[in-house]
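Both complexes below contain chain A, partnered by chain B and then by chain C.
Take a look at the complex of A and B:
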């Protein structure tokens, strides 16, 4: 007898109106409700309207889920034609649910069943008929399929019913009843026709888990650490952050405005920050391009600001609904002149929450723009997290001038740490010029070489002094391993799972990860690289942007994995690279 | 050329392999109703007793099909055959065209009108799915009732005995002996079973099964009231030929075929436990159930479908061949 499964990956595939996203929500909620670790990833077409294909993949496990893994255990094909392309992802021994209640004849080419490989199990279920029986309409096919999968893996139906009630109660008793009926019919059909199920190991007594997306966590973290002003222009995949701030900030006497474009948004953010408010914008790659000029102004005028870039595939409009880590270069270098800025990249939803708070602290204390590089996979995926609510703590605040200093206020006073006292204009004694032009310590425009050299050094000195406030890099994995991996952002999850796979093959590796891209605790990176015989740098872009940074900064010669991604990185691919590196070592 | 084979048992798989050996370029598709790769049905009891693992049951894996270029689709139910259009229709309305079609749907144990109403209380013992489900139940089962005759029941009794279950065996006749049993058992089987501790109830039959709490109440024709944790029962073994309904393919109990395994419809062949073939000795059509026979018929059908001319040799004696695997050997385990 095969042992119970302790990890599953389920994918719903359909077109608009099939309830794909709702299915993911119900399944994820049910699994989190019984204490399982869950991660959900939605993939949909860039077109907002129409019958575009969409998929939701829910991966759940009794142990920590770091990535979407490789392959799926069950494909639920709500739309046959669209689902055929997903069949290749079904693991050997996995299953495929297809609708057997097609009204007319279908050809082999368009039949999902005809594409099921012999290594997989096909479950023909009359989704449409059963949905009709439950509600009198075709709606609810997804709930029939949900009931089917609940039986197929012996998951507790009560938790699903609870989630269905949570989602549909507000739509009225009739709708709720129809959905519950659909679920139960799917369950019963499978019980009768496919009694040989594959039980999932459900442990009793686990506490329900909180589900949150990276974008949710980020917005929550920003609001809880004092965000008072948000300005943005809607763009996939960052829009959710604006939606949350639009809802929450007014309750806290804050503001959220939808600007006419990204330039206006960042301008408003700088204005709000200029008058003392913690301010943020959120955009994607195309928006970050537009914001470049104003980010330069923030560097020059030393205005705190947090700019979130939820990266998607590029360049230009690119791939609006696909993930890529291609904006590192523009975040690091996208400005005229010597334009230093802080760049951070969280790798989990927890880090979105805590990291954005750190971003504000750095921005406020060091009077600098901070670019916070999330990405589509991290921002939109939903996962079980443990977020400790922000409690009272000593927040980094702006360095204020002393009363004496206000008698002769020097906005850009030269200091050891490069940080000058900052006061909201209009307060007594706070009269100064702010400009994008090079300026004297008083803020007056000046183009003398000596002044420019002095002020440039001052602006860069902040980056040296802020290092003491930055978290050190984490070293994960086998500390004595000779193969080291350095990476950033959401790729980290797949790397951790890839390392575990390689470990099972007997090959040890370790990972250095830091939310800080620039600046970094360079000594910890140097020590890490010195301890490695081989370094691998995987990332989701074609150029190897992080690898280029590490090479120039630390002089390493890594094995690079450049994945211009449309889907999250595969742990297996990482494992293969680790094994390849090990093979090279043993030669 | 597209060859479609309905059924992934011994006859169907043998036919597919035979076709592939002769015609290396034609498309060969097998449609199996069960959700497993083709397996050795005669070894199911070994699997029940954990003598072998599930993968040891499989005789043709997905990778083998891939290697020889045969498309194997499992879990597919054929609901109609349209000989005029040369296509079949699957349960989900997919239309599959063929140039040559083989029906190799086998046979299954069935229930007569007396037991039919109690079907949901009767444990099936025929397919790999049945055995997998039974294995899950086994730890909580102690007392078993078996009602049915023939080698299949002997095989089941053997398995239950090896699993140390308490067995009540009900038969219609006066003794548990049958003509088909291997010679060394003939005339001694009844006593042999009793020596093993199996309680045999003769000249009776099950007429009612009711569920009560976690067990079953069984009533016999002679008003015996028995209790068991599980009840196995079957009345007969018959060919599966529902898919030919409405086709005009000639049939009696099974599909009638000639010596080349051709049915009455052009380009449609049949082989294995689902067919009846004329036996000159008996002067009648008969069903030659059994694994080796199914393989032999499948090979003949495959050759003829692929353009060769092969004739099925009628066996002179009726032999139920269990692949040379002695039932007696199991008792000595």
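Take a look at the complex of A and C:
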């Protein structure tokens, strides 16, 4: 054990009341505080009941963390019985902390200590007794464990104490002191009883990093780019976005309403956008289903709107607290008639922040709904990010009519780019009525074939003209590789790590990723696919929804990896597929 | 209808339009001659003229159905939305720009059928908008199926053995939901309709007008004649400040009372929103 680790993955497992989420916050905060790259993922069940199992996994490294990786280095079993199922994730040579103060009457079946595999280190620590010594209660067992792991991996205790102070100062001197004591007792106990497991290499002089979730980043981005109206309905895992806008918008002359259902939410968003405000809603799959008809109206009546879908497992109510990328099809095609809409999918928290701003620019400039597909893993995980302070720049605005155009105002005037000059209620000079019926350039209902053909073409022409404003796809990895990967959303992180693993095995690959799902810079994709001998399309759904889009659009025959997901994708699995593809090539 | 009477109707409309250049748009109403909706359109014209609401500050929001076409016939901005959804659309409009006068127009199917889940929430929030529900107890635009306000036993294409479910009473619902202005009118009484629509728009808060607007084409049971025979004005000694009494009176079907049922002034949703925003502006 001479070499130092530069990456660790630590999991707390327990039941409600064990302080699992708080533990994750302290560890992640301490690591971010010393400049490490961190990613945190909480897994819990959809039930609120007191004894529900929950886990928090904190992965940190001196280099960029793209995913939750494979396996864990240390399992902290706060609840013995619940933790047994997590043992299989402990890497060989990893450790398991269990509570040795548990009374002896526990059955072997329920004993975590009895389940420790031979290739792992077991650390029996009397968490409960030490917590009692520190605070006089059983609370604080998580901090005893925190002190233990701090010693085992020789992490700097100062930063942990600093985080504990930040979190507990507001709870009073007594609670704070008890928590610090618990941490120190855990540290000392390990120092006296166990050797170091594996020292973690801490670099000196790194600046503290900002920790943020995808949902936080998205809400922050939307508010900073001029969001003035939000309407939503509580739904896991999107609710956080509404909670942030409810608090922040009134300070910025905006407002957030909690509507009576998702249909009302998107209706109010279109109403607010109709009068000229940047408006947004955020939901998950079931909510997007309910909103479909109104999004269809936004296409027909050409109303700007941003609809965020933080995807969870489906169909139907599905798996409310698990991740899946199953809503691409409804986002792309979920409307009656020829109903084109912009679909975007960020793959990191940074892209949630910058991407949502682009979503508004496209929506406003091209008078169209934009569906922004985040997902549960991306929305809820906390990670270290570089978010630059907002750069003041020209925001895209709605095209205004010239005085001449205002004199004989045509709401749906035919133009080269498909975008008609727009005035909104409250502005003098003209007025009009919008409708979900097919209509003339003036907005009057009309069902003639020529009119329908002309207006349908106009609505689609916007999608051709907007491409110039869209970012090109990024191509990452080895540019000369013959194996190409195309994917979307939060799966990208695991792919980047999987590519690195495959490269260590001597197999090069490259990745094309674009926040734009529709429309795309098609020439970039064509050139990429032309340069690949094999294409792999991994995604978290059973049907291969993105693969289907790429196949029909580019005529490729990819090797598809369909993962109806519950947990984030494993980098190892991606690496295996890359090696498999390579095997196919060399035959 | 023969060509002569058709021309007469058109001529009549043209004349009416010429007399109302301030409010009447280019498009002519699409309703059947004799439709109760004309009376409400007239009432809206009167109110808008009297209040001198410029077209730029007027937003009419409608759903789907015969009443959905209102926004095309009056000078102002219009949002012909989706079936059942005009109320939440109007909610977004009003919160985003409280300076606008927002009027929602919809039918019985729209308001207490498909959109029945939105009505209570607009009422309880007391958002300063006006909601006119034109009740003909039938689905007219789809040519005569029962609606949520159709009487028990009514036969239609979709209820060939008679309507089984009891009808909803929109006036009673509005009162129970907490609307701060509730009136019931009858399309045969042009001046009273106009007068109550004016008062409703002037009211600060969620105002509701339940207009009995017979369908001359598809409803053979609820007609001008049948409604005329069962309505009467609210009694002279009736006061408009008791919600419980108002609910009681609104439930009466014999007679059906017309007039202003209830009115109260409490802070509106948009006023409170404004105050919260102001507290941050300082």
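Here is the rule we use: the second predicted complex is superposed on the first by the 581 of 587 C-alpha atoms of A that agree within 3 Å, B and C clash if a C-alpha of one lies under 4 Å from a C-alpha of the other, contacts with A are read in each partner's own complex, and residues count from 1 in each chain.
Convention: a contact is a pair of C-beta atoms (placed from the backbone, for glycine too) under 8 Å apart; a residue touches a chain by one contact, two chains touch by 3 or more.
What you see is a predicted model; the values in this text were computed from it and never measured.
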{"item": "Room on chain A for both chain B and chain C (clash or fit)", "value": "fit"}
{"item": "First, second, both or neither for A:257, with chain B first and chain C second", "value": "second"}
{"item": "Which of chain B and chain C A:474 touches, first, second, both or neither", "value": "neither"}
{"item": "Partner chain(s) touched by A:177 [first = chain B, second = chain C, both, neither]", "value": "neither"}
{"item": "Partner chain in contact with A:271 - chain B first, chain C second, else both or neither", "value": "second"}
{"item": "Partner chain in contact with A:111 - chain B first, chain C second, else both or neither", "value": "first"}
{"item": "Partner contacting more residues of chain A (chain B vs chain C)", "value": "C"}
{"item": "First (chain B), second (chain C), both or neither touched by A:123", "value": "first"}
{"item": "Chain B versus chain C as contact partner of A:47, first or second or both or neither", "value": "neither"}
{"item": "Distance of closest approach, chain C and chain B, by C-alpha atoms in Å", "value": "57"}
{"item": "Footprint overlap on chain A, comparing chain B with chain C", "value": "none"}
{"item": "Contact footprint of chain B on chain A as seen in their complex", "value": "1-2, 92, 98-108, 111, 113-114, 116-119, 121-124, 194-196"}
{"item": "Interface residues, chain A side, partner chain C - complex", "value": "228-229, 231, 250-251, 253, 255, 257, 259-261, 263-265, 267-277, 279, 293-294, 297, 425-429, 431-437, 444-445"}
{"item": "Residues of chain B defined as touching chain A within the complex", "value": "35, 37, 54, 62, 65-66, 71-77, 89-96, 129, 132-133, 135-136"}
{"item": "Footprint of chain A on chain C - complex, ascending", "value": "27, 54-57, 59-61, 71-72, 75-82, 85, 87-97, 99-100, 117-118, 120-121, 273, 276-277, 280-281"}
